[in-house]
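Chain naming follows the written order as A, B, C and D, and within any one chain the residues start at number 1.
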Amino acid sequence: MSPFIWPVRVYYEDTDAGGVVYYANYLKFMERARTEWLRSLGIEQEPLLREDNVMFVVADMEAKFRRPARFGELLEVTSEVAESRRASITFAQEIWRGGAGAGELLLSGRVRVACLDARTFRPRSLPDRLAPECLSQVDRAERLLRETP
Amino acid sequence: MSPFIWPVRVYYEDTDAGGVVYYANYLKFMERARTEWLRSLGIEQEPLLREDNVMFVVADMEAKFRRPARFGELLEVTSEVAESRRASITFAQEIWRGGAGAGELLLSGRVRVACLDARTFRPRSLPDRLAPECLSQVDRAERLLRETP
Amino acid sequence: MSPFIWPVRVYYEDTDAGGVVYYANYLKFMERARTEWLRSLGIEQEPLLREDNVMFVVADMEAKFRRPARFGELLEVTSEVAESRRASITFAQEIWRGGAGAGELLLSGRVRVACLDARTFRPRSLPDRLAPECLSQVDRAERLLRETP
Amino acid sequence: MSPFIWPVRVYYEDTDAGGVVYYANYLKFMERARTEWLRSLGIEQEPLLREDNVMFVVADMEAKFRRPARFGELLEVTSEVAESRRASITFAQEIWRGGAGAGELLLSGRVRVACLDARTFRPRSLPDRLAPECLSQVDRAERLLRETP
């Protein structure tokens, strides 16, 4: 099983005076990968919000910044469902230079995204289309883990 | 008559790999000064939007980037009403290092902000509290101009 | 002659509480298109800076914000050389929704980029590889203009 | 012992289409507070980098997003040295609305900042002026902890 991969080019807007990507901007790259993973499943967040009052917010996260990315580099951002619960998804994410899994690992992190009712800001269950896909990803990951000798 | 002045400190988030403030980020500084000018008049945009469906959007702008600002510097951003119409305000704005009018001029620009009805996104007249203040600023500026020999 | 076109997806990071793209962020999109135009000519800015001390900075710009872009939309950003001088290039740029030239025009602007010596921050001539390409674009545009009855 | 507190106003640039502060932007607020804590000790990062080749980078971090902040709100960002080692400082940071420790807690996090030699990007010991201040903060915190019945 391979994770979802999204390519990101580093532009001037992403860098800081240290000559490397500003630490908060890696979080933007990570969100782009999560958004595109949803889109790859046929889920657009805008109609979900407008029609079903479903919104996603980051509840907690952690990140380890291993190596800096520089202006002009082409990165690959991965996104995998590490855990899926009724009202939240935890993503394991990585940022690579030179190809996910093959080049240099720049960042690894976990991001827990909660599903909220946009009218009340209270937790609500994941949309029907999303829940089985998350469970299936977690299942595959756990099966892989059990099968690894 | 002196323009409204708002101090802005340059942080890492504002800079790019060139070692100076990224060009789009000066526009953030300029908006902070416009927002604080409104606040200095007792006008908060959030209730204006929520209660009166009034929103402001930038309709057009121009800027001349004269000298770069660097990490750690303390800037002063000015904001003056240059022209006031029924449904828009044009601001003349400058960014200075070392004191507005006294130090080095880093940027000068003009920003025309349109007043919209948030439900229809169509132009609407400025809020009652704002219009006279704008007119008075423009009047003072024009009187000053006439009186200058 | 058709301008260089670069697609940009609108993510949450680009929007503001008004529900549309924050005005300064359109300038990021415009820079991405200019950077990718350079890349399409085989010019990478990073080695240019490191090896030849050549840097580009925005000297002045103007933009007309015609319609807002929203979360999730796919935009096309155009970039054309409108004028080329010894030490600067002026780009005419547009942002479209639904296809450049075919859909809705969201923004039109001009950006003059100056070429500097990175050690002295003084103007210097465009890199040899870039100058003829710019001139050729401008020539084509002027020829087209003359030929239009 | 009270932590260092830095006020931050939420502007449009900080929000997203969800109507609240975009998650990555809280990290900007947290860095502003760390930078201003350094400044309060008389330490400016720019000369430190230029003269002593000392730079700080975030090595790892975690954050819990408890409640969202909205446009126009005035926040307080706290910064405390939670752990100090030869080549890194771990900060405990919080973001509050309505006064640190008194209002509503919006975010709590930990950020480990590594001290690098800017020429080699390798770890180096904290600057002489900074190390004792960090140790003293940690000492005070531990003493307070021991004294608490």
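One rule holds in what follows: contacts are C-beta pairs under 8 Å (C-beta built on N, C-alpha and C of every residue); 3 or more make two chains touch, one makes a residue touch a chain.
None of the values given here were measured: they were computed from a predicted structure.
Interface comparison, C-D versus A-D: the pair with the greater number of contacting C-beta pairs is A-D. The chain pair from A-B, B-C or B-D that repeats the A-C interface, sharing more than half of its contact pairs by residue number, is B-D.
The distance from the centre of chain C to the centre of chain D, with each centre set as the mean of the Cα atoms, comes to 37 Å. Chain centres here are Cα means. That of chain B falls 30 Å from that of chain D. If you average the Cα atoms of chain A and of chain D, the two centres end up 25 Å apart.
The set of chain C residues touching two or more other chains comprises 12-13, 18, 20, 24, 28, 31, 70-71. Looking at the complex, you find that chain B touches chain D at residues 9, 11-13, 28, 31-32, 35, 44-46, 70-72. Those residues of chain A whose C-beta lies close enough to touch chain B in the complex are 12-13, 15-20, 22, 24, 70-71.
Against chain A, the residues of chain D that register as touching in their complex are 18, 20, 23-25, 27-28, 31, 55, 57-65, 68, 121.
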